[in-house]
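After the structure tokens below, expect a handful of questions from me.
Chains: A, B, C and D, in written order; residue numbering restarts at 1 for each.
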Amino acid sequence: MATATVAPSKLNLIGLDKSDYKGNPSTLCAGCGHDSISAQIIQVAFELGLKPENVIKLSGIGCSSKSPAYFLNRSHGLNAVHGRMPSVASGAMLANRNLTAIGVSGDGDTGSIGLGQFKHIIRRNVPMVYVIENNGVYGLTKGQFSATSDEGQKLKYYGDNEYPAVDLCMEAIVSGCGFVARSFAGDPKQVRPLLKAAFSFNGTAVLDIISPCVTFNNNPDSNKSYEWVRDHDSPLHDISFVPVREEITVDYEPGETKAVTMHDGAKIVLKKLAGEHDPTDRMAAIMLLERSRTDNVLTTGLIYYNPDRDTVQDSEGMVATALALLPDEKLRPVRSTLEKIVASLC
Amino acid sequence: MSVIQSKVADILAGGNLGEVVNDFSLQIASANGSGSQTSNMVLVRALFRMGIPVSGKNLFPSNIQGLPTWYTIRCSHAGYVARQPSAPVVVLMNPETAIKDLAGLESGGVCFYPDDLKIDLSRQDVTYYPMPVKQLTSVPEVPRHLRTYIGNMVYVGVLAQVLKIEMSALEAALDWQFGGRTKLVNANLPTIKAAYEWAAANITKRDQYRVERMNATAGYMLVDGNAAGGLGSVYGGMTVTAWYPITPSTSLADEMSAFASTLRRDPDGKANYAIVQAEDELAAIGMVLGAGWAGARSMTTTSGPGISLMQEFLGFGYYAEIPAVIWDIQRVGPSTGMPTRVSQGDLFACYYASHGDTKHICLLPGSVNECFEFGWRSLDIAEQYQTPVFVLSDLDLGMNQWMTKPFEYPTEPINRGKVLTAEQVEKNGFRRYADIDGDGIAYRTLPGTNHPRASYFTRGSGHDADARYTEEPEKYRGNLERLRRKIELSREHLPAPVVEMTAGAKIGIIGFGSTDPAIIEARDTLTASGVQTSYLRIRALPSAASVVDFVRSHERVYVVEINADGQLRLILQSDMPELAARLRPVCMLDGMPFTAAWIIGQINSQEQK
Amino acid sequence: MSVIQSKVADILAGGNLGEVVNDFSLQIASANGSGSQTSNMVLVRALFRMGIPVSGKNLFPSNIQGLPTWYTIRCSHAGYVARQPSAPVVVLMNPETAIKDLAGLESGGVCFYPDDLKIDLSRQDVTYYPMPVKQLTSVPEVPRHLRTYIGNMVYVGVLAQVLKIEMSALEAALDWQFGGRTKLVNANLPTIKAAYEWAAANITKRDQYRVERMNATAGYMLVDGNAAGGLGSVYGGMTVTAWYPITPSTSLADEMSAFASTLRRDPDGKANYAIVQAEDELAAIGMVLGAGWAGARSMTTTSGPGISLMQEFLGFGYYAEIPAVIWDIQRVGPSTGMPTRVSQGDLFACYYASHGDTKHICLLPGSVNECFEFGWRSLDIAEQYQTPVFVLSDLDLGMNQWMTKPFEYPTEPINRGKVLTAEQVEKNGFRRYADIDGDGIAYRTLPGTNHPRASYFTRGSGHDADARYTEEPEKYRGNLERLRRKIELSREHLPAPVVEMTAGAKIGIIGFGSTDPAIIEARDTLTASGVQTSYLRIRALPSAASVVDFVRSHERVYVVEINADGQLRLILQSDMPELAARLRPVCMLDGMPFTAAWIIGQINSQEQK
Amino acid sequence: MATATVAPSKLNLIGLDKSDYKGNPSTLCAGCGHDSISAQIIQVAFELGLKPENVIKLSGIGCSSKSPAYFLNRSHGLNAVHGRMPSVASGAMLANRNLTAIGVSGDGDTGSIGLGQFKHIIRRNVPMVYVIENNGVYGLTKGQFSATSDEGQKLKYYGDNEYPAVDLCMEAIVSGCGFVARSFAGDPKQVRPLLKAAFSFNGTAVLDIISPCVTFNNNPDSNKSYEWVRDHDSPLHDISFVPVREEITVDYEPGETKAVTMHDGAKIVLKKLAGEHDPTDRMAAIMLLERSRTDNVLTTGLIYYNPDRDTVQDSEGMVATALALLPDEKLRPVRSTLEKIVASLC
């Protein structure tokens, strides 16, 4: 397998230890998929050498949304209200475009109450890594169906789900998202390069990660259970992330791989595993998701990639400096300008 | 025929033929979207340019085209600018409402109408002036598709002639209205002049109303509150605005955009701010809070329905202590109510916003000048107290034309509140919710602060002084109490009440916002009739202790407000239970700005009890 | 060693070795999700079955697994069921909190703990009872994966032995708990018995606490308020419920579903109702209003954040006059606050819900019995007044176990309010918003009514008596006034206050909701100490005139409520400004149910001023 | 052209005159697309012989949302709050499943503030005709961009739109909608049969009708203007509606037509105009919309059709009777049942 990540060392590129990226001890259930994802976020931030002080981590409400407390303690964190993390993240990235944002949400938080905000943050292309910890259930309120619960899914207290599942990757693509990936909390090898690539993407990068709820939705017949996903996972590619500072050194069979260059010059190298999928082809991406739905498989990997859209800050024609840090002179026009305006209103 | 009838009416009206100069209201009835707005604005500004105190109020429907709208212009040599119960001069440009408009005209009034208007003009007690609207616009100079619109210039010319508005003032006003764009001026001016001359040649003045140059508007400007608020925010260093269109708040965002786009750009054209149209009010306030948290001077503008939608986030902002400014340009509620009519009915929804125990700082501008001032000041207060701050304006203040002294350049430097730098964190450490200074206001850091101990976790759930999650009763309670203290201690630091004490007065009046002119006028009249009153205008909630003193100094205090329940009165009563019974309601909601007469009637009838 | 130490402590404790029978609290500390809940419920019901007045309160975290939780059981021969400031008997099942739990134990208290608990047990003033939890569960009969869970049955058995809970009562309780499913009973009972016997053989009782059979619970039931509310709604003919999960309201929807699914189905299994989980609270209340409009008996259940999100729609429902029932199971705010702790802090958010002037009918159940009653009654009131009706319960009432007299079958027939049939429309015509009867309540028709003149247009914007759009000031005002009158006139028809007048008492107490037991207990103690009080419990807002009379009859009236601002007090003051100063706050918010001791302390200290 | 509609007559099948279907005079701008749609609703309801007393008409807030006041005065109407008509309609149809519901919304009402509710009503498949009067602008608040404004669209006061348009037909399909059509207010011949078919559909039927705003967004360069649509309209089929009572009498060339049978037995006959499109193929429908987007054409007609999903009332297992009209005996269980429950709680 191609490993293009930083060689393990005690300190990373910016001289920090992995422990500088950790968070508080988790209070989630033992075995909860969400905790594996937090572990990968820590690992990836460490390996990428992200400066934690420059990262903001945001969430809504839910077990998943508690996660930001469990990684990157040196980053500012914000736990918003249920389903509305996207708007808060948008505001923060308007205030300071030089931050790196990661949002963590749940399937209920994003797919039920938050669907509108999810679609609209993508439309605006607010730069952030948007992780959905998708367990097909409301964990924190004890096991009701969410919008991503599969049709026919059974739950202990709530019986059968009668409604079709929202496919958040499909939703992201049709809303114009330029980075859409799906993965599985039980597959850190895939989660990590995808997360890294997402951090290199200058726009909204959506990662829909199936993250089993061991307490309320881990029966093998649930398509969000560890067992089901292991049986039905169909990874598109073997993915490696090549940071901007490194060369692609690993040998690949020609024709078998595709390198995708990110905004900051980093690359991800995709080695074909099954079928043919060009993640830069939007129509193909949509068709892939449609087929996965009808075939009842879980296609994972980088599903769609398009670096061409402007971010919200560029669309709004904003200065490169953080608005939050503008000096007073930039905030308040000089006295004479007001005098002119006053004169014009007389 | 109608001319003869008018003459008869004229004579019959008799008695009141004495002149009325610079002291009457004029109402133009038209259909929405017909273009009369330009004409009306030109008339207002022309009067203003003649040095006559003037105000203009647009009574418009929730509709884009076709429904009735009435524009009222009041000129008052005494400087009164409140609405009057009726207008003795009317212009009937809307056939649909003409019958009713005419019926509502007071005896001795004056009626201008297009000469092809087909309604019964048999009323004998008013003066009629027909206007040749069709004739003057069916000329080759007026392009066919503009004829309805330009038709509105006819009444400008005729009114000018009959009421003695100076042509030079009209020309200047027209020029102002079109921002000096000669082409547009030239498309309109000839019709005004033609009408002016037609009237000179064809109309014999038979009514009492006219205007006359004064010198009472020098050093004043004419502007609406939303433009003022938008401009004030630009000078206040607003950096992020997220908003969602809603009448009557939209023009605040629009005006702010227009001002910011010239005043707040770098030489390369890049903006030193972002004004983003959100997908709804929930997203707007979410963005505003996210931005405020990350260090922007952030704000939104909305109206009642938006305030309702924002409730959950407002509680979050209060509890997580995030600066934000929320303008509420109030309109008639509840629900959609009357979106184009004035109200002061959102005090509860703002002051107590969200479930749980909250109390939010509210600024209550009473003039367009204060809209400007609170525009910049609100951003300071929000950062100073790290909390959502409301500015409650209303449709009358926000969308109508008001005279004002020039806006004063901010008298205080920008206040960013208690924000720690990396160096300060290094030196003194950082405890996000600790009450270091005893004023309830803790220090914060901004995301991105380059220090490993600068971060903290912001949440709407229970947290201790170090921003750590907690469910411990005493910690939760302690934090809530600090929050309460913080807001409580703001009382004496917010814009202070404006008080006019009258020695020996037993009656006090308390008001706020756009009712100020009506209250001023009412007090003058009351004084003239021997009723002495003091007056206190509240400019912020929670209100200063001086309000309690004011109430204590009067036997009865009337609280004037445009809402059904007397929301300010109830809020004040909660501050002074022992004086609660002294506070009496003068409140009502029908969508119309108060008149002095109505206030007087209310006070007099309650006094008689 | 610890046994010896205990003995020493025992002797040192001295003096208070008299027995305490049926009058103490017992607290079990455990970790969330560890399964102790079943054991606790069995203990509560066993005591209940022994005829001893009992209550059970769960203090749990906002977490699914692992965080600390405490269950408190109070038995009281006098019938008091409020929380007590501390529990003299504790069971330390949670190593994480054991040190603090032990430290908090009062002198002379009793401490049960698993014998492998590694904490310092050197305190000499308490009695220790180690329990062989591991040993008794590491047996072949207990499947390995169930050992932690079954471990909780050990303390049941040991406590039973030491405190003298009857084994037969335990067995009955266990049977009840598992709904008679023998397999489950048999998985648990052996461990209880083994522990019981182990304790008989190995423990010498050295403490003062025990229970004893009484006959005080005959004819009572034990149930939580959410189950009661859900059941009441099913008997009230609820037909459409739309809701969104939120603690602590979820179990109301769950219980209602369970009851409805057996009680409200046709023989073919089809449901005579719909209970739909919405995508959020905005959608939930939208569905509820749509359903109410179309003639369903519709309702939702939520908590503070949901109430905030519903504000816009609530104003719509009020103004468009659509029946709906909204249960708010209150938790600590503002914002997310403490989702698993009790509060009475949403009175403002509900009573004044939405922008503009509104006032909503609120029912305030004070017992699980009233939860049942208001469950059916609220649906009647909503249809009668054609308006959203709130039922404000809280976490303590809703999720904890309370004794109650049996629910009474609805005493009144279903009331569908003023709904016209096609025949009535034909005969008398139909004017949607006309006040035909002078009570402010107009007649409505349901969609689908088979008459060409039966339809009307429902809107949140201005409308006249015939439901036509209007912006006319007088019509708008008239309609608002009718609405206000409608709500105003409901005062005397809503559940009346429960009053206990004490002749000669100068002090009154006003309370509502779940604080009732603490107030009752406090009054008894106050009386015993020579302080006479009267008591009025409010059961609805707007409140009846008798509340004013009550205040007038007392010099000082303490308003007891679990919130920081004293929201009920402020609402009552607004009803009686002249008496406002008599109303004094006894309010506080820290997430814990009030104790009688705290209330007494508050009243005494204010009385001394 | 195939006309399979009722022959014009003074009275329709249930003996009503067309005037029995009219509403109040419109207060919209002269020439507003919305008024043409109201006219078609009146015409269609008359031709279908809908019983107006059995119809409910609902809307949110906007110029479009005012429309229900301008048709079917004999039907109950409800003008809800902005963006939330779907939930109100859902509630009403739960209360009385035997009503026929038509909702009218705007692109702002549905695509901006209301996107979440729009997607979720479709997920539940609440039976109703859902008409979007799509003008790419906020009419009632005087000309701001809406979520369906095209990227690059110019507006008088608001400059250029920087964000991609939401395609409400695409949104409907991916949310599981079984009837998705697009049309143009200026093409009554197409609007009418589509509306008729929608009324025959037992589930959420979405009609996204481009409806120009003559006051704020009718410049020829706007893709929601009369002129642009006339130039770029690419109708899929020539559509005729064949009511359940009639036979298909018109001759079609074999192979050129496709008949689709609705829930009530009525049919729509689609005569191919351009390209090949099978509206019962979800993948094809999605691809068609994708292609129309990239090719910048407006594809109109029946885009997707699938009658197989349960309605919300069936998913919820409800009785066939209207819940609103259940007799008291069905609402309140008998006394003995309570006694049993009480006993069980002792």
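Everything that follows uses one rule, which is that contacts are C-beta pairs under 8 Å (C-beta built on N, C-alpha and C of every residue); 3 or more make two chains touch, one makes a residue touch a chain.
As the structure is a computational prediction, the values presented were derived from the model and not from experiment.
Looking at B-D and C-D, the interface holding more C-beta pairs in contact is that of C-D.
Distance between Cα centroids is largest for the pairing of subunit A with B. Subunit A and subunit C have CA centres that are 40 Å apart. In terms of their C-alpha centroids, the spacing between subunit C and subunit D amounts to 44 Å.
Here the CA centre of subunit A is 35 Å from the CA centre of subunit D.
In subunit B, the residues that touch at least two other chains are 62, 279-280, 305, 312, 316, 320, 335-336, 459-461. Multi-chain contact residues, meaning those touching two or more other chains, occur in subunit A at positions 79, 81, 112-113, 115-116, 120, 124, 147, 316. On subunit A, the positions that touch subunit D within their shared complex are 112-116, 119-120, 123-124, 147, 162-164, 166-167, 170-171, 174-176, 282-283, 286-287, 290-291, 309-310, 315-316.
Note for the complex: subunit C touches subunit B at residues 61-62, 304-305, 307-309, 311-312, 314-316, 318-320, 332-341, 343, 345-346, 348-349, 352, 354-359, 459-462, 471, 473-474, 476-477, 480-481, 484, 563-565, 567, 570, 573-574, 577-578, 580-581, 583, 588-592.
Residues 27-30, 61, 63, 79, 81-83, 112-113, 115, 138-142, 144-145, 147, 157, 215 of subunit A are the ones touching subunit C in the complex. Every residue of subunit C that touches subunit A in the complex is listed here, in rising order: 33, 62-67, 244-247, 250, 254, 277, 279-281, 305, 335-336.
By the touch criterion stated above, subunit A contacts subunit B in their complex at residues 20, 52-54, 56, 58, 68-69, 73-81, 84, 86-96, 98-99, 116-117, 120, 124, 312-313, 316-320, 322-326, 328, 330-333, 335, 337-339, 341-342, 345-346.
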